[in-house]
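Here chain A shows up in two complexes: once beside chain B, once beside chain C.
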Partner chain A sequence: MDKFFTGLSGFSIVLLTAALLIVLVPMLLKGGSAVFFKGTVEFRKMQADIFNRGDDAALKNEKERTRRAREFIYDSIETFKNGIDPAALSEKVRQINRQFGEQLKDKGIEGEDYQSLRSIARELRDKLIEAFESNDRNLINENIKFVFSYKQDNRLANSGMKEMFAIAEKFSRAIENVDFQKRDRYAQSLGEIEEIVTQLLGPKPGEPVPVLAMARYGATRWEQAEKLKEQLLYPVRWVGGKPGEPLVAEKYSRQEEFKGTAIEPLFGYVDKELSNMLEPRRTFYWQFFIDDSINSHYFGGVGPEILGTLLLTIVAMIFVIPLGVISAAYLVECSTENLAVKIIRMCINTLAGVPSIVFGLFGLAFFVLYLLPLFGAPSKGNILAASLTLAVLTLPLMIRASEEALRAVPHTYKEASLALGAGHFRTFIKVTLPAAMPGILTGIILSLGRVAGETAPILFTGTAAVASIPKSLFDATRTLSYGSYDMAVGDRIAAMVPHQQYGMVVTLILLVLILNTAAILLRWKISKKLRGH
Partner chain B sequence: MKEEYLLKAAEPAAETNQSLVLSPLQDIKGFLFLHIGRSFLFLVTCVSVLAVLLIFYFVIRQALPFAKMASLTQFLTDTRWQPESDQPGFGALPFIVGSLYVTFLSLLFAVPVGILAAVFLSDIVSFRIRNIIKPVIEILAAIPSVAYGFFAVLVLAPWMQKRLGFSTGTNILNASIILSIMALPTIISVAEDALCAIGAELREASYGLGATRVETVFKVIIPAAHSGIIAAIVLGMMRAIGETMVVWMAAGNARQIPTPWWDLSQSVGTMTAVIAGDMAETPKGSAHFHCLFMIGLLLLLFTFFLNTISEYFLAGAKKKMGKTR
Partner chain C sequence: MTTEENDMQTQPAGKAKGGASPFIRLDEGKLQPKRKVDMNSIAVVKSENFNFYYGSKVGVKNITMDIYPCSVTAIIGPSGCGKSTFIRSINRINDLIPHGRAEGKLFVNGHNVYEKNTNLIRLRQQTGMVFQRPNPFPKSIFDNVAYGPRLQGIRDNSELQRIVEESLRAAALWDEVRDDLKNSAFALSGGQQQRLCIARALATRPNILLMDEPCSALDPTATGKIEDLIDQLQKDYTIVIVTHNMQQAARVSQRTAFFCLGELVEYDLTSKIFSNPAKKRTEDYVTGRFG
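After this line comes the complex of A and B, so read on.
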C-alpha cells in the first residue's frame, strides 16, 4: 500500500514531466525547421530577389544548371499537351490563318489568286481543327494527309502557312500513342500535373511574373519539394466504400496512368533528377528572427513580431517596475498592518486573480475608449494602451516578487546601517535595495516572460495580425503571441507553411524560456549565496 | 610605513563642526520629509487599489447599458445566442455552462495529479530532487497560454480526430486536458506550500505512533493542511476559468449546451472565448458590445468571489500554522 502510494505520486510527477515534454518537444523540433532546413535554389532566388542576399555569381550558375535540368520536364509536358489538349493548337491555327491573309495583302496579291489561296488556307484550317477535336483516328489521319498534300505547294510552303504544317506534323507525332478514349481524363490529370510542377519549380520560364511573391517561386524547401513529388508521382484519390461509409483515400501511380504516352518518362525523371532541378542545400536561416514576413508569412521571418513584443514588454516594464518596487517598499518598510494595508493587500490579490481577458476589456474601455479621446488621440488600439494594460496585469506579480526579495534581506543589514546614523531613506536606497536587487531582478525577469506571452489583454488594445512596423507608440503592432494565435487558427495561407507557424510559436516559447531560465539561475545563485557558500 | 599608519590611526577622527542636536528647522524638515515621503509611497502603493477600482468601474460602465437594452434574466437563462440577427438573442447560458464544463473537467484531471505531486514533493523526495523537479513545474507555468493553445489546435486536435475518431478535434476534452496542464503548476505550488508549512512535528508524531506513510499523509497531513489545499484548488479553478486563449482555440466555440451532457467530444464556447472572439467584429456601442462587457463583468464577479474564498482559506491556513508552531 505504501509502495503503491509512493509509486502513484511519483507517477504524477512523471506525468507532469511527460506533459512538458509532449507539449514542448514536437513544437521545438518543428519550429526549429523554420531556421534549420534544406533550402532549394528557389529559396536562394527568393532571398536574392526580396532581401538582396546571397552570392549573385553562384546563384546565376545554379539557375543555369537547374534550368537545364528542368528543360526535359517542360518539353515532355508540351509534347504531350499537343496531343491531349487541342484547344491551344486550334487557336494557334486560326491565328496563322488570319496572319496569312494579311501577309498576302502585304505582298500585293489580289483578285482571284488571293481568293483561291485564302480558301485553301481556310480549308486547311478547318480540316486541322476537325482533326484536333476528333476522337476518330481514321478521320484524323485522313485530314492530316489532306493537309500534307499541300505541303509541296510553293505558294504556301514559303509563307506563314509553313507553321501550320509544322503544327500538323507535331500533332501527328503527339497522337501516335494516345488513347483517344482517355483524352478527357488525361486533360484533367495533366492540369493537376502542371499545377504541381508550377508549385515545385515556380512559374514556367518565359511566362509573366506573378504579382504575389508567393507564386513567384517553386518549392523553397526540400521537404516541401518531396511532398510535392509524392503528390506528383502517387496522387491520392477518394474511393467510395460501401454506401453510407466514408470515402477511403487510396494512392495510385501516375506513371501507370500515363503508360505508353509521351509524358511517361517525366515521372521517372522527376523521381531521379529532382535534386538536380532544385539543388537542396543545408541552410541556416538565422535571418528568420529579423526578416519581415512576405505574403502573410508565406516567406520571411518574424522580425516585426519580435520587435513589437519587445516594445510592448519594455514600455510595460517602464511603468510597472517603479510602481512595483515602490509599492513593495512601502508594504515592507513603512506599513503597519492596519486597515489601509489590509485593503491594499486584498486589492493586490484581487488584481492577481482577474482573468486576462477582463484586463483586455478594461484596457479597451479605459485606455482606448476613455483616456485616448480625452487626450485627443485617435481612439484605436496602440502600443501605449496595450503596454499600460499589461503593466496593470503584471503589477501584482511585480509587487509580490519585490516584497519577497525585500523581506529576505536580513534585519542585521538594516540595523547596522541605522546604527551608523543613516536615515531610513538612505538605509533603504544604499543597503536594503542593493541587497534585494537580485531578487527583484528575478521578479522583473519573470514579469517580462509573463508580459511577452500574454495575448488576451492585448487583443483589443493594440495588436493586429497585419500591421506595418510601428513608428510611434500610437501605432498598433504585431506581436509574437497574437501572431501565434493567428497563424494557428485564423490564417489560411499559414496552414500551407507549417514551419512558419511553428517557427513563430517557438520563437515566443524560446523567448519566454530563456527569460525564465535566467530567472531560475539567478535565484539559484542567490540561494547559494544566502546559504553562505 | 607601518609607523605612519599607526600615527594616522592615533590621530583623533576629523571633528565635525555640526552640532549633534538638530536645529528646530532641521527637525521640522526631517519630520516633513519623512511624512511626505511616506505619504508619497502610500499613494504609489494605492495604484493597485485604484487599478482594481478602475477595472470594476469601467467594466461596469460598459456593461450597464446592456441592462437597459435587453433583459438580464434572459441573459442568464436563455440559450439562444444570436446577437447580430434581426431579433437578437442574448442568451449567455451556453457560455456559462461551457466555462463550467471545461473548468470542472480540467480540475478532475488536475486536482488528483496536483495534490499527489505536491505530496510527493513535500513528503517523499529529498530536497535535492525537489530542486530538480521545481524548474519543470516553473517552466510548465511559464509557457504562454497561446503556445498551449497552439499545441491544442495543431497537435492534439488532429491526433484526437485521427486516433479517437472524434468528429472535431477542438472539443471539451481537448481544452480540458490543456487547461489541466496549465492549472497544475498553480495547484502544486500552493498545495506544496501548505503541506510544507505543517512542519515536522506532526509527521514525526504520526510516524512515531507507528502510522504508515499513507496513513500519515491521508489522516494527518492532508487534514491538517486542508485549508491550504482548498485554496490551491480554488486558485487552480480561477486559472482555468479565466483562461482565454486555450479555450478560444481548442474548445471549438460552439453556441450550444452539449447534449447529451456526458459526450465530451462536442464543442463548447466559454465566456472568455466569446468575448475574445466577438469583440473585434462588434461595433462599439451596440447591444452586442455591451453584452460582451456584461459577460466580462460576470467573469470578474465570479473570479472575485473565488478569490475571496481562496483568501479565506489561505488566511485559515496561516492562522492554523501560527497555532501549531
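After this line comes the complex of A and C, so read on.
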C-alpha cells in the first residue's frame, strides 16, 4: 500500500510537471521571441525613425546595400506590369495625351497645326488603348506598328509624346511571351505579388510615405519575412472536390504560373536573395519592456502596460493590506464568537468565491458611477476605481490569510506581553503583528498575484486598450492582463504580431514572479529573524 | 486610566520621564523596590472568599489566604486543583479566558483587583509573571528585557541599557549573555530563556513575582539555577510559585498552600506542611499516597 501511494504521488508530480511544461514552454518561447528575435533592416529603420536608436552610419550603408539588392524586384515587376495591366497603361497613355495638349498650348502652337497634332495624338492614344485591351495578337501588332510609324515625326518625338512611344515599346516587348488567355489571372496574381512585396520590403522607393507607421516598413522580423516569402512563392488556392465535399487547400508554385513571362526570375531571386534584401540579424530588444507601443502593438513594447499593472497593483495593495489586517485583527482579537461574527465570516468566505466579473460590475456601479463622482471625479474608468475594485476582490483572501496568521501566533506571546503591563492594542502592535508577519506576507503574495493578473474587475473600471500614460489616479490605464485579453479578441493586428501578445503574457508572469520573489525574500528574512538565527 | 491615585503601594516606574531611575541601587547589581516592606506588615496578596468559574465549571472556590511579603509561598496540589487558576487570578491574566468569571475579593498591595476601576496595566507592572514554558518574544535579548520599561515610556537608551543590565544581573543571566544582547532570545537554551523571562518580569520593577510552574519544562541543572535564583530574589520580592514538585516546594518556600479540587485545604509554614500537616488529605498528598 505504501509503495502504491509513493508511486501515485510520484506519478502525479510527473503529470503536473509535464502539464506545466506543455503549457509554459511554448508560451515562454513565443513570448521570448518578443525580445530575442532576428530583426531585419526594416526593424532597424523603424527603431531609428520612431525611437531614435541605432547606428546611423551603419544603417545608411545597410539601406544602400538592401536598396541595390531590391532593385531587381521592382524592375521585373515594372516590366511585367507593362504587358499585363491594360487599365494602368491606358490611364498613363491618356495622361500623356492630356499633357501633350497643354505642352502645345505652352509652346504657342495654334490653329491648324494644333488641331492636326491633337488629332494624331488622340488617334495614337486610341490605337494603343485598343492594343492594351485586346487579346488578339495580330491586332496588337498592327496597332503598335501604326504607332511606331509616327516615331520619326519630329513634332511628336521631341515632346511629351515620346513617353508614349516608350510605353508602346515596353508593351510590345512584354507581351511577347504573355499568354493572353491568362491575362486576367495574371492581373489578379500580380496584385497579390505587389501587396506581398510591399509587406515584405515596405513601400516602393519614391512613393509617398504612408501615414500609418505600420505601413511605412516592411517585415521587421525574419520569421515574418519567411512567412511572406512562403506566401509569395507558394500561395494557397482552394480546390473543389466532389459536390457536397468541402474545398481543399492546395499549394501551388507561382513560378510555374508565371513561367515564360518577364516576372518569372523574380521568384528565384526572392528565394535566394531575401536575406540580402533584409539583412536579418540577431536582436535583443530589451526596450520591449519600456517602449510605448505603435499602431496597437504592431511595433514597440509594453512599457505603459507594465507601468499600469504596477500602479493598479500597488494602489490596490495600499488599500487591501491595512483593511485586511485590521479586519482580521477584529475577528481574532476583539470579537467573541457570536452570531454577528459568524455571519461576517460566512460573508467573507462567500465573497472569496464570487466570480470576478461580478466585482467588475460592482466596481462600475459603485466606485465609477456613484462613489468617486461624489468627490468630484468624472464618472469614467480610472486607476483609483479599478484599484478599489481589485482591493474589494482580494480582501476576503487577505482577511483569511491574515486571520490564520494571527491565530497561529502562540498564545504565550500575548500572555507574556499582557503580564508585563501592555494593553491589548500595544500587545497586538508590538508582539502579535510582528510574529504573524510571515503569514500575513503569504496573504500579500497570494493577493499580489491575483490583483496583477485579474482582467474582469478592471474591464469596466479603469482600463482601456488605447490610453496614454496615466498622469494621475483619475486616468484610465493600459494593463498587461487587459492588453492580452484585448489582443486575443478580434484584433486583426494581433494575428500579425503574436509575439506581442505572448510577450505581454510572459511579461505579466515575470512581473508577478518578481513581485512574489521580493515578498518571499522578505518573508524569509522576517521568519529567519523570528526563529532567531 | 481612572485609578491614577489608587492606594497601591508602589508607583509605576517611568511615568516621571527622564527623572531618577525607578530603581534604588543598594549595592552591586541588586534590585530593590523603592519602599522596603516590613516583613511583619500586612499581607501583599490577600484573598477573601475568592471564587473563579469557567462558565459553569468551578475553577477555585472560597479561597481565603494571605501571602506575606519578601518570602516564597508555594502552591502545591494535584492537577486540575486550581493552583494555576488562582495564581493567574492575582494579576487578572485569567481575564483572557472567555466566559471566565470571578467572585469575592482579592487584594494586591491593598487594592481589590476585581473592583471595576482597577488599572490592569499598573497591576501587572506590580506583579511580574513567569510562565510554565519559557516564552520570550521573537526579538533580541535586549528588546525582550526592555519590553516592559519601554511600555512604561522609557525611551532613553542609556537608561534602558542600565535597566536591562540590572534585570539580567538580578536574574543571574548577565554573565552568560552580556556579549550577545543583540542576538535573538531563541538562541538561548531553555533554562536561559526562563531566566530571561524572569529578567523581563523584573524589569518592570514589580514587588510580587508570580511563577506558574517555572521549572516544569526544564532539566534538573536549569531547575537548580532557577531555584538558586528564587532563593536570591526572595530577599527583595514576594514570590508565589506554583509547583508540581513537592521537593521543590520544600526547598524554596517558607510557606506552602495545598489546593485540592479547587479548594484551599491547608496553608501553613512549609516545614509544618511537610512534617506535620493538620489535615489528613494534605498528609496523603505530601507522602505520595494520592495525587
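Rule of thumb we're sticking to: the second predicted complex is superposed on the first by the 424 of 533 C-alpha atoms of A that agree within 3 Å, B and C clash if a C-alpha of one lies under 4 Å from a C-alpha of the other, contacts with A are read in each partner's own complex, and residues count from 1 in each chain.
We adopt the following convention: contacts are C-beta pairs under 8 Å (C-beta built on N, C-alpha and C of every residue); 3 or more make two chains touch, one makes a residue touch a chain.
Not measured: the values here are computed from a predicted model.
A.B. asks: So in the superposed three-chain picture, is A:10 touching just chain B, just chain C, both, or none of them (first/second/both/neither)?
C.D. replies: Touch partner of A:10: chain B, not chain C.
A.B. asks: Quick one: is A:412 in contact with chain B, with chain C, with both, or with neither? Answer first, second, both or neither.
C.D. replies: second
A.B. asks: Check the residue A:529 against both partner chains and state whether it touches chain B (first), chain C (second), both, or neither.
C.D. replies: Touch status of A:529: second partner only.
A.B. asks: Is A:513 contacted by the first partner chain B, the second partner chain C, both or neither?
C.D. replies: The answer is first: A:513 touches chain B but not chain C.
A.B. asks: Which partner reaches more residues of chain A, chain B or chain C?
C.D. replies: B
A.B. asks: Determine, under the contact definition given at the top, whether A:426 touches first (chain B), second (chain C), both, or neither.
C.D. replies: Touch partner of A:426: chain C, not chain B.
A.B. asks: Figure out whether A:211 sits in contact with chain B (first) or chain C (second), or with both, or with neither.
C.D. replies: In the superposition, A:211 contacts neither chain B nor chain C.
A.B. asks: Taking the stated contact definition, name every residue in chain A that is touched by chain B in one complex and by chain C in the other, in rising order.
C.D. replies: Residues common to the chain A contacts of chain C and of chain B are 423, listed in rising order.
A.B. asks: In their shared complex, at which residues does chain B touch chain A?
C.D. replies: Against chain A, the touching part of chain B is residues 30, 33-34, 37-38, 41-42, 44-49, 51-52, 54-55, 58-59, 61-62, 112-114, 116-117, 119-121, 124, 133, 135-140, 142-151, 153-155, 181, 184, 188, 212-214, 217, 235, 238, 241-245, 249, 272, 275-276, 279-280, 284, 292-293, 296, 299-300, 303-304, 306-307, 310-311.
A.B. asks: Considering only the defined contacts, which chain A positions touch chain C in the complex?
C.D. replies: Listed in rising order, the residues of chain A that touch chain C are 336-337, 410, 412-423, 426, 430-431, 434-435, 529-533.
A.B. asks: Where on chain C is chain A touching in the complex?
C.D. replies: My answer: residues 12, 91, 93, 96, 98, 121-122, 124-125, 127-129, 131, 133, 135-139, 147-148, 151-152, 183-187, 197, 200-201, 204.
A.B. asks: Contact residues on chain A for chain B in the complex?
C.D. replies: Residue list for chain A touching chain B: 1-2, 5-6, 8-13, 15-17, 19-20, 23-24, 26-27, 322-323, 326-327, 329-331, 334, 340, 343-344, 346-351, 353-362, 364-366, 369-370, 392, 395-396, 399, 423-425, 446, 449-450, 452-456, 459-460, 481-482, 484-485, 488-489, 498, 501-502, 505, 508-509, 512-513, 515-516, 520.
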